[in-house]
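Just passing along the structure, written as structure tokens.
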Amino acid sequence: MADLSSHAVSGGHPVDADKAPWRAKLVPWVFRAPLIFMVMFFAIPMAMTVVFSVFERTMFWMEPGFTLFSYENFFFSARLTNFLSSMKYSLISVVICFVLGFPIAVFVRKSIPQVAQHRVVLLFILPFMVSEIIRVFALRPVLQRNGLVNSTLMELGLIDEPITALLYSHTGVVIGEVLSFLPFIVFSGFLAMEAVPKYIFEVCDDLGVGPWRRFKDVILPLAAPGIFAGSVFIFVNGLGVALLPNILGGAGAVNAGLIATQAITALDFPLAMAVSAIMMATLLSLLWIGHKLFDLTKILTPLS
Amino acid sequence: MNDYDNIWLHRLKWAYLLLVVLTLMTPVIYVMYVSFNANGFGANEYVFTLEWYGLIFSDELLIGALGWTVILALVVTVVAVPMALLSAKYYKAADNKLFPIFLLLSPLFVPPDILGSALLVFFKNLNLVFIWLGDQIGTSLFDSWFRLSFLTATIGLIIYTIPYSFVVILITMGRYRTEQTEAARACGANGWRAFWDIEFPQIRAGVFSACAFTVILVFNEYTRTSLLKGGFDTFTTVLISQMLNTGMSPQSYAMSAMVSFVAIAVIGSIILFTMLRAESLGRIARAKAEPVMS
Amino acid sequence: MTYGTTDMTDNKAPAVEVRNLAKHYGDFVALKNVNVSIAAGEYFVLLGPSGGGKTTLLRTLGGFHKPTRGEILLHGRNVGHLPPDKRPTTMVFQAYALFPHMTVTQNVGYGLKVAGLSKARIAEKVDYALEQVGLTQFTHRKPHELSGGQQQRVQLARAIVLDRDILLLDEPLAALDAQLRKDMCLELKHLQEKVGITFIHVTHNQEEAMTVADRIALIANGDLVEYGRARDIYRAPQKSFTASFVGENNMLKGKVAQSNGASIVVDVAGAMLQVDKRDLDVSDGQEVTLSIRSECVSLDRANGSAAASDGLSMIGTYDESVYLGLTTSHLAHLPDGTEMVSRVIAGSDDTPPEAGAPVRLSWKPSDIRLHVE
């Protein structure tokens, strides 16, 4: 022992008390830097939309002032009707996504071995990884009059006339939204099901609780925060992704995102900002309501 | 799966799951199919060709755009992933977790057009403020800082991609036991050394996945990029503006298919790699002595 | 043998000296005001219930928590401001602390590699350390291929290879099964004797504490309740908490009836019991606690004439007996409902009294202790 302990390894050596105290002070700020960045270039710009929305519109830009003209322009025109109807169709998409997607999340959690679960969920990342816009554009040849769906159905003899309502219509937008956002309900449902321990299923079987009661009385209340977060995501994106109505929609299919980008193209920046502010208000109030109802911080438990 | 469950019902559920994945992929697969047809979409005859792909590579505009895309994707990845890593470390140690998580995840919920418009107007105003500031001091040094440019596009895309990287890294960090960092500290390693020698090798998969995600997201992104970029184009912006203006040409099918191939190849290989690794690790673990603690 | 003490430190100073140490987490007080001194080369155990603050104290010594108040001196040097890697301590954790991506050899050699030793020197020291903990096989295995006991041996080797002066052990055996824990306890004790450095060991298991410790400190509710030699803690606890936590003690609550003289009289459920005053400050009518270890209580059938008032016995009602293998516990209760246990070596074939029968519980004068709190 003696020869090996002839000199102590590290520890116990005196440290210079004054060795770069500025470095010690700097380190916490390195960890905060991303948050500062997010405040500067995300939180502040989003909050500033409210300020810019009341600026006066000029020919090519805007100037400081206070006018509610943009809001008037939004609320007392066809824009409001369009916005509200896009809300309706967005809600329909949320429901369809939930009905189609959530059972998958339950199935994966319940019936697939723990180790394989993540890999199965990864399958849903695959379509999500192809540019959303390309996927939406690619729906055109699929849903078109002479597209994949119609020609397949006609060849099978199920229909005689091509279905034209599939594209350039509200139906088209809903199909686009469902195909774009379905993976998200699977992801959020999968995370939400973390709150439902696997033994619950055994307890329910033991008590003779049927699948529907089990879903309504046990799974839904436990998974509610995650389901809600996923639904808000789909709803808000249905309102905000301009390309969906732009590419797939017909007359009257205009959502908030499209209003904003059209306003930008028309150089009506205050209007674009008003729409953004309205969207942010919608989003925040939805999240607030969700938080009051379900305590959304619960979703984060698996992350912390 | 339970011993008493109906095997056919189980298989039916699996079939449904795969059908959904397939449906989600159908448009992409169909585009790929059309892209190899010499006669393009809707033709009665299918003749295999690579002609349309050849056209892409002879288009200088597209090749230039491809170059910009690669640079943009690299810069965003190099900045955003370390930022996400720092944020995840910060989040783990933070007492108040609500504020950082809200700030880091909310970009997910802001639709692309809304985020793009808000940032566009913000940068334009910021640019005017900087020019005015410069005028006050008598310098034109600040004039172009926040003019729409590569920088503004980068900032917008960082905000867009950070939530994804953050979540991916956080999930991998969840499996890491902090006792190991403490053990390394007790062995005489300083904070950085403990991170680099002990923690990083264990969360490396997450960090690399985050990098792959970021590259793909930037490559695919249209709305935010097209609103915030200055005078340059990315592959996707060229493609989409072409399709918006003139509809889908045979060449645009080929371009869409190519972008999809790249994305699927990257993600597919990650999935395959993690599966194989998990498989082999599992096999090794099963082969060796059962540990008392795990 | 020099155990890595550096020039800066004072060899005569105790290995650890803690002064008025407090640790708060917001409103929660993990450590109230702890003072303790641990001599160099001592095997010192921090014993107490979970959540009592013993692990917080250990981790504060190791530099993983910053004290809210107070000082920590290691070999006379104030280290309160230093991070773990700058302290003369190293630590063995409960579990999960091996680096899973490194082999046993790499794990043990990690600290030496950080210190910048040459490869040959590292190999030499690692081999020696592994030999010390009896783990010369499996050196190329990864942690998940080792059993729990082997993993803890690797942790020990990784710690002692550094030749630090103080080894902190945070519930090192808690994750092991009972038999293995017993074996490892003895090995720990022998290892400490061999390497001669200060071991500070946290546990909630009193048998483990008694096996390894030179001295034991009891920690509960953020306070250092009492500390002393293992034997004294068991035989002659000062505080009623110690008596209730260590060994199996009968705790009797009563009022002082007569407080004069070296021996005082305490009224417990109507019985007048004599107990040594131990220079404690008591007055008539004061509420006090008495403790008697269960193996010191003998239980006999009460023969008709009840209430023999010799001051060293009580009359109770018999409940049942519990056979525990080596010993048998006889349970009875006093008129006020207090449970009493009398533990005897099993093997006598005497039939126990039937339930409800009156029994006499008696003890020797030296076995009963007075606690004032």
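Labels for the chains are A, B and C, by order of writing; each one numbers its residues from 1.
Following the convention adopted for this analysis, a residue touches a chain if its C-beta (ideal position, glycine included) is under 8 Å from a C-beta of that chain, and two chains touch if they have at least 3 such contacts.
What you see is a predicted model, and the numbers here were worked out from it, not measured in a lab.
Engineer: Can you name the chains that touch chain A as well as chain C?
Structural biologist: Output, common partners of chain A and chain C: B.
Engineer: Give me the two chains with the most inter-chain contact pairs.
Structural biologist: By number of C-beta pairs in contact, the leading chain pair is A-B.
Engineer: How many angstrom lie between the CA centroids of chain A and chain C, rounded to a whole number?
Structural biologist: 54
Engineer: Counting only Cα atoms for the centres, state how far chain A is from chain B in Å.
Structural biologist: So the centre of chain A lies 15 Å away from the centre of chain B.
Engineer: Please tell me the distance, in whole Å, between the geometric centres of chain B and chain C computed from their C-alpha atoms.
Structural biologist: Once rounded, the distance between the two centres reads 54 Å.
Engineer: Find every residue in chain C that makes contact with two or more other chains and list them.
Structural biologist: In chain C, 85, 89-90, 111, 114-115, 162 touch at least two other chains.
Engineer: Which residues of chain A are in contact with two or more other chains?
Structural biologist: Answer for chain A, listing residues that touch two or more other chains: 9-11.
Engineer: Could you list which residues of chain B touch at least two other chains?
Structural biologist: 188, 191, in rising order.
Engineer: For a test of understanding, state which residues of chain B touch chain C in their complex under the given definition.
Structural biologist: 177, 179-180, 182-191, 193, 197-198, 201-202, 285, 288-289, 291-294
Engineer: In the complex formed with chain B, which residues of chain A make contact?
Structural biologist: 9-11, 27, 30-35, 37-39, 41-46, 48-49, 52, 61, 100-101, 103-104, 107-108, 111-112, 115, 119-120, 122-127, 129-135, 137-142, 146, 148, 179, 182-183, 205, 232-233, 236-237, 239-243, 246-247, 256-258, 260-261, 263-264, 269, 272-273, 275-276, 279-280, 283, 287, 297, 300, 302-304
Engineer: Quick one: which bits of chain B touch chain A in the complex? Just the residue numbers, please.
Structural biologist: 1-2, 5, 10, 13, 16-17, 20-21, 23-28, 30-31, 34, 41-42, 83-84, 86-87, 89-93, 97-98, 100-101, 103-104, 106-122, 124-125, 155, 158-159, 162, 167, 170-171, 174, 188, 191, 216, 219-223, 227, 236, 239-240, 243-244, 248, 256, 259-260, 263-264, 266-268, 271, 274-275, 278, 282
Engineer: Would you mind writing out the residues of chain C in touch with chain B in their complex?
Structural biologist: Residues of chain C touching chain B: 62-64, 83-85, 89-91, 93-101, 110-111, 114-115, 141, 143-149, 151, 155, 158-159, 162, 168, 175-177.
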